[in-house]
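In the part that follows, the structures are each spelled out as structure tokens.
Each of the next two complexes has subunit A plus one other chain: subunit B in the first, subunit C in the second.
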Partner chain A sequence: MPVISLVLGFLSAAPLFFAIGVNPILAYQQVLGVFLSVDGLTESLTRGIPLMLASIGLCLPFKMNFWNIGAEGQLFMGAFGATAMVFLLPESPAFILLGSMMIMGFIFGGLWGLIPAYLKARLEVNEVLTTLMLNSVAILWVDYLVYGPWRDPEGFGFPLTPMFPLNARLPWIPGTRIHAGLLIGLICAVIVYVFLARSKWGYELKVTGESRLAAKYAGINYLRLTLLVMLISGGLAGLAGMGLVSGIVLRLRHGISPGYGYSAIIIAWLARLHPLAAIPVSILFGGLLVAGDALQIGLGLAFATALVFQALILLFVVGAEVLTRYRLVLTWERS
Partner chain B sequence: MKEIVKRFPGVVANDHVDFELRAGEVHGLLGENGAGKTTLMNVLYGILRPDEGEIYIRGEKVDVGSPREAIRLGIGMVHQNFKLVEPHTVMENILLGLKEPAFILDVKDAANKILEISRRYELPIDPKARIWQLSMGERQRVEILKALYRGANILVLDEPTSVLTPPETKELFRFIAQMAGEGRSVVFITHKLDEVIAISDRVTVLRAGRNVDTLQREQLDKTRLASMMVGREVLFTLRKSAVAVGEPVLETKHVTVMGDRGFPAVKDLTLTIRGGQILGVAGIAGNGQRELTEVITGMRSIASGEVRLCGKEIGRDSISHRIEEGIAYIPEDRVGVAAPQGLTVAQDLVLRRYREKPFSNGVFLNQDEIERNAEKLIKEFNIMVSGKDAPARTLSGGNLQKMILARELSGRPKLIVAAYPTRGLDVGATEYVRSLLLKQRETGAAVLMVSEDLDEILSLSDMIAVMYGGEVVGTVPATEANVEEIGLMMGGSLRKP
Partner chain C sequence: MSLLAHTVQAGTPLLFGTVGEIYAERSGVLNLGVEGMMAIGALIAFMTSFYTGNIGLAIASAMIAGALLSLIHAFLSTSMRANQIVSGLAITILGLGLSGFLGKPMIGMTAPRLTSFPIPILAEIPIIGPILFSQDVLVYTSILSALVLWFVLFKTRPGLNARSVGENPAMADSLGLNVYLIRYVCVLLGGVMAGLAGAYLSLMYTPLWIEGMTAGRGWIVIALTIFATWNPLRALLGAYLFGGVYALQFRLQAIGIATQTPQFLLMLPYITAIVGLVLISAEAVKRRIGVPAALGLPYVRGES
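Let's turn to the complex of A and B:
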């Protein structure tokens, strides 16, 4: 079924390519080239890292029907927290600096997640609204910093911090851009999986996801559970932010994330909220992003075209996912 | 209906069932939960399509493809769960889905027609009232009017008396007799033996998807019907042994609890239950019983007063603490609250106890212990389920309640709060549930049982408290109980402080 939907998605893009005067076969070649080359695969992995961390984190709140749309903001706050460490301890040895960056990335992302959690649990404030609006706050806060006090004096006025020193960079696999964030992501996937499947809180999550009244009846403390879950979820998104500034971009800048936090929602959903499944789905999604790049670079297509292509693929994949839950029954009458 | 077969994954709900309905007859359809009665009628009403079999209406073979078809054929159905839109008015609900009037401008004719039907069958209703303002009995009248407005001459009523008070039930029976007198037919689905004997011309008993037999009015006998339903001899009176009464287990002192509408649902209520006692709380639903059970178990906060368990004040404690202290709670809402449907049976069986050792060590859950517990309880309580890992939603009503009881009673509770524990259950399950409660009583537990079944209250309780308007208007020992007096107290006309 996923294969069919992918093929259909590809085919549906053909009229799009025709319309802008491009031979669709060439476009497909570019895209396939991504998956058939080492460079393409490693780049997909790289792009997949922040997606992985954020989507693994999202599995938790979604399972209890807490709609955390704030992964993007939590990511930004994590990036901010990590960058702050670089400014505070620029001379420290790598493992201390990187360690504190990870901790701060997690804490800041987690704190950002605690705000909507508390508001929901105590005052029944709709979490979709709070998480969404806090995204804007976080993004603008980072903008303030990179346009203002943290701007690189040698950056020609662009909204970015100075380049991070070597001791602030995550180790990477030579020849590629894959950084240690991948390892962190894989470890987190396993931890979150065990948390969900075996721990007391995993059970409480399941019950709360079924019904809040049933959870109350079971003696579950909704406030404590929500706070814990959002701390972890925000924290993981924060780690994704830390990975971005410390592993790929090597500085904090405006638009550090092109919507990874939102894409993570789709990935978590496609992975059916299973943290281990989020790994391959994130990598595939990373591949989709790289394919979009390939179309732009290889064929000179506009950014918008690449976006439409990605959107079409997603539309078909998500649509197919819904269809797998139903069965077509063919009946005929004997006349 | 001939040789109707309807299969669902894993079960044959209707197994070659024949059913015949004559004009002008009241036909009772009797059976345990899961016997196939509602399924059979859903097939008639077009909600389900039969896998095999044929339906003939007035001699003509028909294919009922949808409820619209059924309505066109003159079949009307009043379901157990009303299909009414609460914010809309009575008239809007009755007219819902009809082609005429095409626009809500032309309602004068419709309103008159509704009032005329309402008058003719003595079903008083105000077409302009909104559904949420109406009592259950009044809502049922709207459902009936809906069917009559569409010209139903075959009326199917699914467990209609489960939401009615005794006087309302009498009214319903009068209406049914009137319908039959006009030559229309009524199918009365129920599991209540006394009622079906009172009004039916014929009774068909279904068991495990098969039609056991159809009896004529003269042949109707309670014991015979019960054993047909269950397939074995059924005892109607449980023997209650004398039990030494112990110290007070539950004491509520001047408890006031706020309801959902902003005014007190429980007012200055004081009662005591001792170990080894069953206190039956009688009263018409909606007089504070639910809120009382909720404040004792912690599901609702207390406005003022004290709740003491074995002398300790617990009225403001968390629910998890109350569970720890030994309060078992069997709530009215089984599916939504007490047994989340998406969990497995094994998971549901530790729903309130998962924090205890050995099920959890503080962080991780011990799967082996949870499974062992599930196997033990399934066997001990004879819960019919395909396996401990089956999802809870596959359990039938009676087995779901057994599962809830298995969980709540296995922790050796001091106090058991049971709200309508046998509602909707068939004879076999009801007997079992009641015997479980009596057994708990014998081991010294205190039981607070809210029930709308006066027979149940009279036979199980040691003390009876009647609630009206959020207060206890009378407390009598069961041995001195007088049904008329209790009825008056339930209606608010009598107080026995």
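Let's turn to the complex of A and C:
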């Protein structure tokens, strides 16, 4: 069923191509080309890595009904933390530098997630709004750094840091751009899955998600749970950020993430909050991003086409999901 | 152009968007799709102006485009009881995507724009005249709409109904209010206003079509909605305050002062929103100017 809505959503873009004077068949050919070629697939995997890490992380808070919309900001903070390490320890051996970058990426992302967690658990402050606001703050913070103190003096004034030295780059599979982040992502997926399915906190999490009141009566400490969950969720998003700067872009720059944090929300939701399912969905979305590039280069279309695909697929899935969840009888009732 | 006049212009799209979002959220629907609706409004307005040269038509079609997009969100979140966050984000992504997709051929081009329309006598008033009364039609509309919609929201029955739907939909329903219809109307209003905001951006504020015209203003609108404590009058204050930040930052760049500090200034709407939320969280204050209690929750008759 979800596959059908996926395909339908995908095809529904056809009239749009007509509207812009492009033969939809050509467009779909380009897109299929992405998924049917080795290069396309490896690139999809690469682009899917940050999405994977972030969306796996999001499964946790969402499952407990804590709406973490802040993955984007947590990602940026993680990227910031990782980059800070590069500036602090530029000469260290790769093993140490990369390790510290990962740790810092996780910590900074996690800390950024702890703020809204604390505010919600202690003061009932709406977490959708706080996480959303913090996104913009994080993005602006990185902007400040890359336009200012961290700007590459040889970068022609562009808002980016100097390129990372070799010891700051994640190892990658030769011939592709797939970097170690993939391995980390897969491992995290398993860890998070086990955490959810087997651990005490996973259980507490699910109970809280069903009913906070029931959780309270069961003696579950909402504050501790929320803080832990958001530390992990933010931390994973932070790792995604670290992977971006250390594995793909190889520097920190303005707009390091073009909305990956938001896409991750969609992915987590599409994966029904199941960490293992987030893997293929992330790769699919990564593929859509590559397709966007392909359409841009091949047919001169805007990269934004990838977003259109994302949105249409999502809307169709939302529609389908609700139709199956409720046996809907649409009547106009007046009380 | 004076700094203050520029402030008013920079604040206008924020004002439109915020007032619309206030209505949507007051009725209990969180609309995260503002950014996408603005983007679509900007695109449709520009496109219409480009192909027909008719500004009025351009503005009208932007309003319709915003409304259509918000209709999807309203349908999904109200009738379909879907998750409002996912639905809103889907709309944002769709709006941004469509805007970029359909706008690609027009990048860098210009289209007939809004002209300024000084109000006959008022424009002569020494200092305020050039700032407030020598602007264009949409600026006046934005101020008027803020005032009118404030009045409607707080001083009329329909406004009271909208607010009660957002506070306690079950109670409102049992009192005979059509919760779904009210939410639809409020969300559609939000869409129309967002469309207007976008139209202003592409027909007046920016000289030509560029990608990413909205530049995150949709998120600022959501922050300003909180900052304004869901009150259209305070939205005026907030919108112009941050319009001022935009205008100031622009001037600083033009003079050549390093572009470092703008980021901290630009953080202000978001930080104040968070601080505001924390302050509001005190229970007593909540009852007076708080978050609409049912914000973000789908209403299902029969569930408590």
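Quick notes on this one:
We adopt the following convention: the second predicted complex is superposed on the first by the 303 of 335 C-alpha atoms of A that agree within 3 Å, B and C clash if a C-alpha of one lies under 4 Å from a C-alpha of the other, contacts with A are read in each partner's own complex, and residues count from 1 in each chain.
We adopt the following convention: contacts are C-beta pairs under 8 Å (C-beta built on N, C-alpha and C of every residue); 3 or more make two chains touch, one makes a residue touch a chain.
Owing to the predicted nature of the structure, the values given are computational and were not obtained by experimental measurement.
In the superposition on chain A, no contact is made by A:183 with either subunit B or subunit C. With both structures placed on the common chain, the touch criterion links A:26 to neither subunit B nor subunit C. Judged by the number of subunit A residues each one touches, C leads among subunit B and subunit C. When both complexes are overlaid on chain A, the residue A:199 reaches subunit B alone and has no touch with subunit C. With both structures placed on the common chain, the touch criterion links A:218 to subunit B but leaves subunit C unconnected. Those residues of subunit C whose C-beta lies close enough to touch subunit A in the complex are 30, 32, 72, 76, 79-83, 85-87, 89-94, 96-105, 173-174, 176, 178, 211, 216, 219-220, 222-223, 226, 258-260, 263-264, 266-267, 269-271, 273-274, 277-278, 281, 291, 295-296. Note for the complex: subunit B touches subunit A at residues 299, 318-320, 322-323, 329, 331, 333, 336-343, 347, 351-352, 354-355, 360, 362-365, 367.
Those residues of subunit A whose C-beta lies close enough to touch subunit B in the complex are 198-200, 202-203, 206-207, 209-211, 213-214, 216-221. Subunit A contributes residues 16, 19-20, 67, 69, 119, 123-126, 128-130, 132-137, 140-141, 143-144, 147-148, 259, 262-263, 265-266, 269, 300-312, 314-315, 318-319, 321-322, 326, 328, 330, 334-335 to its touches with subunit C in the complex.
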